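Here subunit A shows up in two complexes: once beside subunit B, once beside subunit C.
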Partner chain A sequence: MRDTLNIEQTSRTPAVVFDFDNNHLKISGESYPEDVTEFYRPVFNALDTYLGALGEGPCRFDFELIYLNSSSAKAVMMLMDKLEDAAKNGASVDVYWFYDKEDDTMQELGEEFGEDLENAKFHLEKMAD
Partner chain B sequence: MPSDELFATEEQVIAAAQALLADGRFADKDDGKLYEELLKDYQKLLRTTRRLMRLSDRNEEQLNALSNEQKEANALIAQKNKELDALATKLSKYLSPQIYHSIFTGAQNVEIASNRKKLTIFFSDIMNFTETTDKLESEDLTNLLNRYLTEMTNIALEHGATIDKYIGDAIMVFFGDPQSKGVKEDARACVRMAIAMLRRLDELHAEWLELGAAEPFHLRMGINTGYVTVGNFGGDERMDYTIIGSCVNATARLEFHAETDGILIGHETYALVKDEVDAEEREPIKVKGFAEPLRCYKVLGLYDDLVGEGSVIREDRDGFKVLLDLKKHDRANAAEALEAIVDRLKKSP
Partner chain C sequence: MLADQLMDLRSKLHSQGVIFAYSGYVTEPVLSGVGEALKQKLTIDDADTKTLRSVFAVFVEQMQNIIRYSAEKVHQEPPPAMEAGALMEMRYGILTIGREGDDYMVCAGNLVRQEDVGRLEERLARIRNLSKEDLKALYKEQLRADPEQGSKGAGLGLMEIARRATKPIEFDFADLDDNHAFFALKATI
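Coming up: the complex of A and B.
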């Protein structure tokens, strides 16, 4: 049984819940950490380990972000790259991008991220009220 | 500048590289593939740069909008605060400054609550006010009364009194709440205030006669010290910060029995001020609610003032106190008594 990565949300950092047993990974909240690399390093490491062992298995990744700064946007793109690579290697990857229905910026950002994904399946959805 | 124009140079580089690949100018297939990969990464990097730049610009825009909203909100708050300050200043005129201060600094809650305290209470009243002012026009009466109350209020505040209320021409104040300098000093301050008020009244007489009052006004004043219940009384919608208790009624009775332009004080006040104030005992007065008639004293003046006038000789040192009232004692008798003391002093070892 693999461990679950669980990072609690703060006012500057998002909640991270990687439920590896159910192949359901999620990042939600706001992201503008003082040190982006420090915050995302364990996230990248956990994802690398998980995807390395995923093979052709299924994986769902939910992004439910309200606000992110430029450095966090770069980190999100790196996560997308990792998911895209896993899909390219045969995994069945579904990426969900949830946005606030009144936030055009996050919707457009999601659309652009989706355009970069060729092998992973991208889903753009409004957050539930 | 549109984003396309901003990245025109990068787009030209990509177009040139694509043309190079399309022309098939790479003799080595592996070199061509490497170049293609490099071009793809360059395109992705450009996309990322554009995306981050756009995101950064939007975040900045939102931040500026929020900052402007904040500025507008701050300006609105400042405006409202100014209005509230103006309103509070107006309202403060209806309250005693000490009560206003203790409410506005949060030292006192505006709620129905009270507690028991030993205070010195003061009542004053203009004798025959209605008859004296009967012939005055309403405007003149208003000016005259307000002038009198303003002068008396200023003196009261200078001495640290809490203004309880004005009842027509009558004034009710107390000492010892919400601020107290101790029961003794509160009582002394109250008597000093009453004497200062009488002095000011003398000065006002001329002014009032000029305004058309038939004859000068005269006051009666009563002072008493004792336990009362002090606090907010009334309902949630309208309350008064005031005092209640039999001591308050007794003070009103002392005032009623005072002589023209006189100050009548109760026994407890007298006990607290007698070192500083010259007073003579009067016939006790009967007050409803009190089993025994109240002992009372007429204030004659402050010893400090009487010494200045030469009617009193006073020497006050630690463990040595001499007070000689020359209105009550013959000079020769007093000298004889003092000489006897000096003789005893000389004879003692």
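Coming up: the complex of A and C.
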């Protein structure tokens, strides 16, 4: 039984549900924490440990963010980099970016992150209503 | 007398279309509280999703700029029980949100050090004159870059404001004394 990471959503921080047993990781909600470094530290640590042991296994990562501030964008980029590195090392990684169809800024941001993924597969999708 | 004074201040804000005004020391909980009220007001106004998110996004970046960079601040040494470096600090600024016809405007002002004016002005002028496409490219470049010296955030805040704004950002500086200038930034959505 592998560890799971479960962080409950607050008004300023997203829900983080890393279901390592099913190789399904998800981050959803809004992200503008008081202290970005402090919030994302355990997220990065858990992801590093998991990806380090993934080998050539599969992994799906869902981003379902309604809003993120500029310092969180940097943290998201670091998550993307870690996923891309794992894919480069042989893992089969699928990254889903769900955006609200009413907000093209989040769609554009997703496209920008997607452009940097070469080995991980990127999927851009509208959130369900 | 008291009522006249306060009403006068209120009228001045009113005449400029201001619907929210905060002047004072800004902390993260202030951002949370005013932010919630702002979302509620925009919902009551029946603002569309894109406008609501953009006004809110600009508000967050403007508030965090004051919290992180205002040159006017007070601080208190932390009690010994707290970890070293946890300096209790508050920075002073003013932020208003208002209407201008169908548009929303988010304005923020705070003191900056004279020595920082040139660099900030140059940066804002560059951002202001970029097309949406070039701004997008610069944003991406900055996202990948190491944070600039003296920058506590990702250095992306001003670009986020410009990207979310529907008109070119406006900025201005007023000299205060040899050491400080007052910096004002306005974004229209």
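Quick note on the criterion: the second predicted complex is superposed on the first by the 129 of 129 C-alpha atoms of A that agree within 3 Å, B and C clash if a C-alpha of one lies under 4 Å from a C-alpha of the other, contacts with A are read in each partner's own complex, and residues count from 1 in each chain.
Rule of thumb we're sticking to: contacts are C-beta pairs under 8 Å (C-beta built on N, C-alpha and C of every residue); 3 or more make two chains touch, one makes a residue touch a chain.
Please read all numbers here as calculations on a predicted model, not as lab measurements.
*Asks:* Following the superposition defined at the top, how do subunit B and subunit C come out on subunit A, clash or fit?
*Replies:* clash
*Asks:* For subunit A, which side has the bigger count of touched residues, subunit B or subunit C?
*Replies:* C
*Asks:* Would you check which partner chain A:74 touches, where first means subunit B only, second means subunit C only, and both and neither mean what they say?
*Replies:* After superposing on A, A:74 lies in contact with both subunit B and subunit C.
*Asks:* Let me test your reading of the model: by the given contact rule, A:92 touches which partner, first (subunit B), second (subunit C), both or neither?
*Replies:* neither
*Asks:* Quick check on the superposed pair: does A:107 touch subunit B, subunit C, both, or neither? Answer first, second, both or neither.
*Replies:* It touches nothing on subunit B or subunit C.
*Asks:* Applying the document's definition of touch, where does A:119 land relative to subunit B and subunit C: first, second, both, or neither?
*Replies:* neither
*Asks:* Output check: A:11 vs subunit B and subunit C. Expected answer is one of first, second, both, neither. What do you get?
*Replies:* Only subunit C is touched by A:11; subunit B is not.
*Asks:* Scan A:34 for contacts with subunit B and subunit C and give back first, second, both or neither.
*Replies:* second
*Asks:* For subunit A, what residues appear in both contact lists, the one with subunit B and the one with subunit C?
*Replies:* On subunit A, the overlap between the subunit B and subunit C contacts is residues 67, 69-70, 73-74, 77, 105, 112.
*Asks:* Give every residue of subunit A touching subunit B within the complex, in rising order.
*Replies:* 67-70, 73-74, 77, 105, 109, 112, 116
*Asks:* Show which residues of subunit B lie in contact with subunit A when the two form their complex.
*Replies:* Its residues touching subunit A are 44, 47-48, 51-52, 55-56, 58-59, 62.
*Asks:* Taking the complex as given, what residues does subunit C use to touch subunit A?
*Replies:* 28, 32, 36, 48-50, 53-54, 56-57, 60-61, 64, 136, 139-140, 143-144, 153-154, 156-157, 159-160, 163-164
*Asks:* Where on subunit A is subunit C touching in the complex?
*Replies:* 11-12, 32, 34, 66-67, 69-71, 73-74, 77, 100, 102-106, 108, 112
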